[in-house]
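There are two complexes below, and they share chain A, which is joined by chain B in the first and by chain C in the second.
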Partner chain A sequence: MFSTLTLPSPDAALPPVPDWLASCRADALRRLHDAAPPNSAAEEWRYSDVDDVELESVAFGAGPGPSVRVEGPALDGVTVGAASEFDGPAADSVAQALASTLDDGDPISLVSLVGLSDPLVIDVAPGRTVAEPIRVTIPVGDGIGAHTAAVVVRAGANSDVEVVVSSDGDDVESLEIVRIVVDVASAARVRIAEVCNVGSRVRRISSVVGRVERDASLSIAHAALGGAATRTRFDARLVGRGASGDLRAVYLGTGDQRHDLRTFQRHEAPDTSSNLVFKGALDGRSRAVYTGLIHVGHDARGTNATQSNRIIKLSDDTWAESVPNLEIHHNDVRCAHASAVGPIDEDQRFYLESRGVPPEVAERLVVAGFFEEVLGAFDRSGEGAALRSTVNERLGAGA
Partner chain B sequence: MSELVIEGLRASVGDREILRGVDLVVRSGEVHAIMGPNGSGKSTLSGVIMGRPGYTVTGGSVRLDGTELLGLDVWERAQAGVFLAMQYPVEVPGVALGEVLTAAANAGGRDSGSVAELVASEADRVGLDRSFLLRSLNVDFSGGEKKRNETVQLGVLRPRFAILDEIDSGLDVDALGQVARRVEDATTEWSLGVIAVTHYNRLLEQLHADVVHIFAGGKILQSGGPELATQLEISGYGEWAPAEPSAAPLEPDPFDL
Partner chain C sequence: MTEIDLDLSRYQLGWHDDVDYVFKPRRGLDEAIVREMSGMKGEPEWMLKRRLKSLRAFEKRPMPNWGGDMSEIYFDDIYYYIKPTDHQVDEWDDLPDAIKNTYEKLGIPEAERKYLAGVTAQFESEVVFHRNREDLEQLGIIFCDMDTALREYPELVKQYFGTVIPLNDNKFSALNSAVWSGGSFIYVPKGVKVDMPLQAYFRINTQNMGQFERTLIIADEGSEVHYIEGCSAPVYTSDSLHSAVVEIVIKPSARVTYTTIQNWSNNVFNLVTKRARVEAEGHMEWIDGNIGSRLTMKYPGCTLVGPKASGEVLSVAYAGPGQHQDTGAKMVHAAPETTSKVVSKSISKDGGRTSYRGLVHVDDGAYGCKSHVQCDALILDDDSVSDTYPYMEVGSKDAVIGHEATVSKIADEQLFYLQSRGLSEEQAMSMVVNGFIEPITRTLPMEYAVEWSRLIELQMEGSVG
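Moving on to the complex of A and B:
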């Protein structure tokens, strides 16, 4: 992939940002030069079909200010702003959130930081419960090269917040690199609902990385509907005792779409729990691959982790692979994973048809119902209804 | 007055012939009981009429007022006026009953505006708590709730003919009474014709059959009045079915026959 990637030299002059952010980026750039570029010959990328992606002109630090928009009025106890506006201890903590979630094995995380002019930071004060969801829109770029965007959510101890992130915009040839970093302090509760309904020519590489401290919880719901190709990575790092993570995703492929989903449930502290439910439906000639790892560290006794990925193939021309993995370093744990790829359930189809429902409608109902377990997670923020109708439209339009 | 005419119906699963020439005529408002031992092919008959995948029809016909059903898709048979209340209703996660019946009404060009109201009143008639109507179809329903739910659908869809495949199984005595009464009312309300497939006389004490057929070895061996069911209760199926258990297929059967 990125075999044609032209990086700025390590000492290139990037647009001015505060020193702490510049130093974050310079560090990422150095590491990027040392990292192996993504390539479909490597296991990490072998299903990604990314060799033809060209990343010659990442908009490296183009312009000041975040490219990301936040809607709604100012909220008491919530600070929203460009990372460059932060200084002192707050800046240190944003820098740490950005840097601590970089992964040399995931060059995209490095690219996204190098290319980033300014992340958007949402900072929720300790103890604050934010009643309404905070809505963030990540616009699709103008079709020239690649664009990076980042959102950092920092939830103070015992706070409660939901952030809805939508990627939307014109259907142009572009590559979007999006990174969402979530820092959940002890006993805080954070929900991230991410809706990706970009046009059919947009490629999107994104990651959602969460770090969850003691007795805190992080829920991530993701809907991958649009795009020519998406690669989405989810990391839930449960670093404090009693932390929990809930990961849900629906992905719908039509035409020649490709979805590549990679998940990491990392249990690094005792009594942590994680639950993952991913559901995909593929029509036309679309393709999907899911790779998931449950990692239980040496100190993570009492871990309870489940992982389930199910894919319905609506057409014989689709291709899907589901690869669950476990890596367990402690005996006192409960882990379960389930994975299934297959056509629509014949009994369910027959049952609905026997009531007088035509096959194509029966199929749409069964798939919508199959997604419901995940789509329900979008109801709280009010995104559910629109998502259901998008799913229905896409299924109705067929391949 | 409608007529469902089954003539010389033969069907197989794989290379095993299950139906070996079934002849049956059911008219509007009539209740026909098909009684037979386990493994006699009763459920296959139900499935073949409705078009369930997995069976190969090798001969005969099933006509509804002259329209051959065997060439139609499953949903077209339903729209033509046939309903199958299944022995094991299928769980459909995330899909509510109202959505299915609305889709069926729309496909049939009927007014779907009254579906919700109809569903609620039918649920009340068979004692199915309305909260079940909002839940995923049959998911975590008890056996009795599933059969009540099938009966609700029968009441809303108002087919010309209903095949009740062991609707009495899983029903307690109260539920059996409610379900049987609803079906019997339908035979007068809109002259529903009924094929009630059952193993036991218990159903027929509540749902009064006009004709009872003894079904064994893939065909109807004897037909008579309700007294035939009473006689069966006493004598069992020994007279019609092979008594030797070795007559059962050696391999596990993928279908419940």
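Moving on to the complex of A and C:
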């Protein structure tokens, strides 16, 4: 995607933001200049299309103020604000949260910070249970160059919160770079539901990076439905004893869509657990890549981790790649992964057809059932029904 | 806590016989060495050209940036060609005593004389002892070392050599293609089924000597053959490189089984390219046991080019202290209704690292393919590491491709049960591990299975802690 990437020089004039944010960006830019450019010969980019996205026109945000909207009334114990409003130690901690999630091996994470105008910060006070989900909308850019946005969610100890992130906007040719950083303090529970149903001309590169402390849990549900091409990266870093992570995603490819999903389950503390369930259905000439890693560190005694990626292929012209990896550095663990690629089960199709269900409807029903394990995770915030009908419509519209 | 420090290669195979070599060229690799080697062997012009082309490919290719740590391979510090005796011998008794002693210690004579068919024992770079059973010859089977084959059956060799693994397939296959020496050549004519396994023993016996054997097996239509390759090497202080290429051509409806027991000493880099080309309704089975070496990178592959061809890889890897077994399988489904199966079992202990790295690729239009990959890993202590890197690339719609893997330690309940029956903890562990790899052990010929179980038992000694 980035063969033609040209970057502003490290001392280029960037829009006015507080000094700390500017230095954050300058640092990312320096690192980006040093980082190896994405190259399909490198393992990291092996299955990605790195040829047709141009980043020279990254739109460096227009100035202070988040490019992200939050819907709904103000909630007790929840502070929502633009990062540029922070200063002193509070600003330092935001800067730290942003910088700690960068990965020099992944230039996109650096680009997302370089081009960042002003992240939205959501702070949940310790002990606070937020009953209603917080809804965040990321507007799709205006079609001029790449557009970046970031959300930082920080859940205090023993708090409970759900954040629903959706992208919204016209179907214009644009490149969206979205970064969600989640800090989960001890015993807190955070759920992130992300719905990506952008138009068919939008390309989207996003990452959700979570750091989970002692006895806390982070659940991420992601639906990749729209877009010309998406690349989504999920990192769950379990750094405190007893932390847990749950990653679920559905991806539906129709037409010439490309979905590229990359996951990291990092177990860095004892007794941590993680579970990953990804399900994809591919129709038309769509392509999907899944690359995942479970990493169990030397200190992660008692880890329990699973990873499963399953793909149904609905058409002959689709292409699927699945690379679920394990790296285990401790013996007292339970780790399993599974991956399967196949057509619709003939028995299921036959059963439905023998009951008078027309073939194309039967196919949709089977896919709907297949997705249900993941779509159920969207019900709590009320997104489930809309997602189900979107899936149904898109499959009905055919390739 | 009892710590018995047992290192198998030291424990059992840690001797080194002094052998007088007839010819010992200098270390390092350049065009002159390749020309000299080819000239001494009296090879045809096309082979020399091929070697030189391969050498250029080897020099051009970068070192792989994945897999194990290869930073301590010093290509300039290796002897690329050594000839152990001045001519080949037909009778066992004619072998030099030092070489015979080495084989005695490996227990070859008994094992072979009782059970086994033709013997091609590879000592150093070239085959020194080779005996064809008469009945093999009567069936029209050619079983000889590669150099002999090139002299006596040049047309056959020229037709197939390098057709399965191109000389520039990877850096190490290029190296092998430039400096290969020894290895086996087998041709099984149409419809001939070889009942007894054919086998060869390999051994590296000079410090810093690379061994670059080249094996080519051609199974003509409807034939069947089982080839066994066993390796063992004495311990040396500096590192050796073993980089073989094995090519197998399977004609329609033929079946080949290739069994390897790899037990190089813990200073050998074992970087091997093995691949079979399987035509319609043919079947290839790789059985691969890796217990030795410092680093093994080996991914036996099947390119399934004919309809209904099938391939299978069964592999066991054991990594002890300082060892890294990076093994796996490569299945390319290039024709309809082809099937493949991979079962990989690995055990890591005392800081060892095992990696499964495999690829299943289904071409566009290869309808009705099925593949299943299963990887199980046992990690016996806190210091050891296990990785799994499976790749699946699926082009056709109705391919059914599955992968599953588990990583765990030995269950306490299993140990408790066995100990409550009076076994010591060590015996119990050894029994569980042998049970874990049983699906593969049972496919081995009897004496190999016994030897393999024994090797595992030896490795398991001192594992309680």
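Just so it is clear, the second predicted complex is superposed on the first by the 397 of 399 C-alpha atoms of A that agree within 3 Å, B and C clash if a C-alpha of one lies under 4 Å from a C-alpha of the other, contacts with A are read in each partner's own complex, and residues count from 1 in each chain.
Keep in mind that, in the parts below, contacts are C-beta pairs under 8 Å (C-beta built on N, C-alpha and C of every residue); 3 or more make two chains touch, one makes a residue touch a chain.
Because the structure is predicted, anything quoted here is derived from the model rather than measured.
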Fit or clash - chain C, chain B, common chain A: fit
Superposed model, chain A: greater residue contact from chain B or chain C: C
After the two structures are overlaid on chain A, angle v-u-w for chain B, chain A, chain C in degrees (C-alpha centres, nearest 10): 70
Touched partner set for A:372, first chain B, second chain C, both or neither: first
Chain B versus chain C as contact partner of A:318, first or second or both or neither: second
Which of chain B and chain C A:337 touches, first, second, both or neither: second
First (chain B), second (chain C), both or neither touched by A:19: neither
Touched partner set for A:351, first chain B, second chain C, both or neither: first
Contacts of A:87 with chain B and chain C, given as first, second, both or neither: neither
After fitting on chain A: smallest Cα gap, chain B-chain C, Å: 13
Chain B and chain C footprints on chain A, overlapping residues: none
Parts of chain A lying in touch with chain B, wherever the complex brings them together: 346-348, 350-359, 361-362, 365-366, 368-373
For the chain A and chain C complex, residues of the former touching the latter: 43, 298, 301, 311, 313-316, 318-343
Residues of chain B defined as touching chain A within the complex: 50-53, 73-75, 77-79, 83-84, 86, 89-95, 99-101, 103-104, 107-108, 136-137, 153, 157
Chain C to chain A touching residues, read off their complex: 66, 364-365, 377, 379-382, 384-409
